[in-house]
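One chain, chain A, appears in both complexes that follow, with chain B as partner in the first and chain C in the second.
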Partner chain A sequence: MTEEYEVEFVDLGEREATFLVRPITPAFANGIRRAMIADVPTFSIDTVRFIENSSVMFDEQLGLRLGLVPLSTPPGEFEEGEEVTLSLDVEGPETAYSGDLVASDPMVEPADDNIPIIDLKDGQRLELEADAVLDSGREHAKHQGGVAVSYRHLQTVEVVGERGEFAADDPHVLRGVIEEQEADAAADADAQNGDLVPTDAFDNDLTNRYPEKELDVHDIEDAFVFNVETDGSFDVETLVLEAVGSLETRADELKEAVQL
Partner chain B sequence: MMVPVRCFTCGTVVGEHWEEFKARTREAEEPEDPEKVLDELGVERHCCRRMLVSHKDLVDIVAPYQ
Partner chain C sequence: MELRVIEKADTMLSIEVAGEDHTFMNVLKGALLETEGVTAATYDVNPEQSGGQTEPILTIKTEENVDALDALEDGAERVIAKSQNFREAFEAAA
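Right after this comes the complex of A and B.
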């Protein structure tokens, strides 16, 4: 069976995006979320050969920090298990940053340049060679491409009457994205029914958008708003496409195994 | 010792914001409110915020004992 999915971007940045998908079941949405976190492979430093380390931190501590530095991972170029070598050579008194890492392959580079690795004092030196490996979040959290991936229902607000004159003046807080269906009652002059409005547009307080009204909030079934952030290894679009691709690959492998 | 590279809970990279955070909230002539500095640095979730707010830099303290 084929489904026509409606996808609409509420917000799109390079490392962060909010988008609506419908119709989608909660199970499938969760599957995509889990695939984004655990199944999309990323490059991360795995083995380190120290030539000189006279800093205050042990080799293993530095190895951990180096492993957590996000490295750019071009999609489709490498196979899982392939390695790229990076090197670092810094002499004190100076701080060694992730930007000082030099990669043998220019496609795989630190995604952020100013992550401090270690503070070196006068006379201390750090010289090392590291191998970055392509692996998935399932193996080690350092390989997680998606950080803070979440989804919530698309919600809609219904006006059920006027607020009583003696009712409390409390703010009605709602976070997420709403689909406008009471454009006439909205405080915004440009509102139209069917608009997707992120709640921070009205400071997360519904009484700002629908003043003096009594409101009922409903979840729209099968419509989910994803909020995806990446650590810099790739952009959001790549992450989502690779995640869905990995689900497809798994399903195909199962299909082959089951076929008699 | 050094500031953790990533938030323990969600995994966003917070190490890069430490130096600016420290400079603006402690070393500046007019230390600013940490809440405001974190908001401006774009550190949103409270799991990431506590990584910076509650970090104690031990590298300088340990250095003489090396």
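Right after this comes the complex of A and C.
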């Protein structure tokens, strides 16, 4: 009934990944992208109770900084709106870092330990209790799990002839991922037709890969290369699967509502 | 998800889908256009500050022998199938 998808990873890290999906419609690709940005909930500090703040900054300023600290969010363990308490107690002279936050629940802790919150001088002290709440990017950008999520067409390069003898020696800059279709003309001896080549492999300049050739660049229809980066609340795999899951849940709800 | 029928004929349906935005509506519209028996599908949504109808309104037209409400159900099923296929492909590759 519906098409089968093919997913191929160009690069897979814990917080950053590049992968190709095909055949996928622009509508569905954009739905997944938008869901990754706005609909996958993460924990973020939302309420702070200051017990002592003798630092040089106002409570509100520190509250804003605390809100922006990414907190690890295990999928499926918490409901949206649930809260987890963290505390912090640092006395100067010392810098208070995100790593100084102590979580009441070990599942929810700062994703990075080295985010400076404030530099405390001799005699200054910061002690506080903070409630982190699980919410989505739709509500506030601090709850965004995907910080850089984008997609673009997979492209392919066609050799249409030789470069003219007196043609300008300009670079031909291209960014993204190309599918190799002209392996014979490529400067890389190991090139095979069908290879996925990130453009930074040839310094984003097609003249490096296909020297002395006249080229045409085409988009490949219904093939999209996603680039996904998370804030560390969870890994890329979790983000993508949660986003697709949120679309599926909504379709499920719609189906049930229609049947009534 | 709350639905409110605005207009309903045998081969035509206009329905408000409360609480949704472009994220889901465009996926649904795209799936409906691929569904058999659907001749037209579109949605309209106004900005929050417009003060009027701010929930998206989905409009479907279908061929004569197809009920528009059934078509909507098929469209939703199609989104579910797409999601499941995507998840399987992604998990297999990761």
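Criterion: the second predicted complex is superposed on the first by the 259 of 260 C-alpha atoms of A that agree within 3 Å, B and C clash if a C-alpha of one lies under 4 Å from a C-alpha of the other, contacts with A are read in each partner's own complex, and residues count from 1 in each chain.
One rule holds for everything that comes next: a contact is a pair of C-beta atoms (placed from the backbone, for glycine too) under 8 Å apart; a residue touches a chain by one contact, two chains touch by 3 or more.
Not measured: the values here are computed from a predicted model.
Trainee: First (chain B), second (chain C), both or neither: which does A:241 touch?
Mentor: A:241 sits against chain C, while chain B stays out of touch.
Trainee: Of the partners chain B and chain C, which touch A:180 in the superposed model: first, second, both, neither?
Mentor: neither
Trainee: Which of the two, chain B or chain C, is in touch with more residues of chain A?
Mentor: C
Trainee: For A:25, is the partner it touches chain B (first), chain C (second), both, or none of the two (neither)?
Mentor: second
Trainee: Is A:61 touching anything from chain B or chain C once the two structures are fitted on A? First, second, both or neither.
Mentor: After superposition on chain A, A:61 lies in contact with chain B alone.
Trainee: Quick check for you: in the superposed arrangement, does A:6 touch first (chain B), second (chain C), both or neither?
Mentor: The answer is second: A:6 touches chain C but not chain B.
Trainee: Who does A:259 touch here: chain B (first), chain C (second), both, or neither?
Mentor: Second partner only, chain C.
Trainee: Which partner does A:250 reach: the first (chain B), the second (chain C), both, or neither?
Mentor: second
Trainee: So in the complex, which bits of chain B are touching chain A?
Mentor: Touching chain A: residues 1-3, 5-7, 10-13, 15-16, 18-19, 45, 59-60, 62-63, 66 of chain B.
Trainee: Note which residues of chain C are touching chain A in the complex, please.
Mentor: Those in contact with chain A are residues 1-3, 17, 20, 22-24, 26-31, 34, 69, 72-73, 76-94.
Trainee: Show which residues of chain A lie in contact with chain B when the two form their complex.
Mentor: It is residues 56-57, 61, 65, 68-70, 112, 114-119, 121, 141, 144, 147-148, 229, 231-232 of chain A that touch chain B.
Trainee: For chain A, which residues count as touching chain C in their complex?
Mentor: Touching chain C from chain A are residues 1-9, 12, 19, 21, 24-28, 30-32, 34-35, 38-39, 237, 240-241, 244-245, 247-248, 250-255, 257-259.
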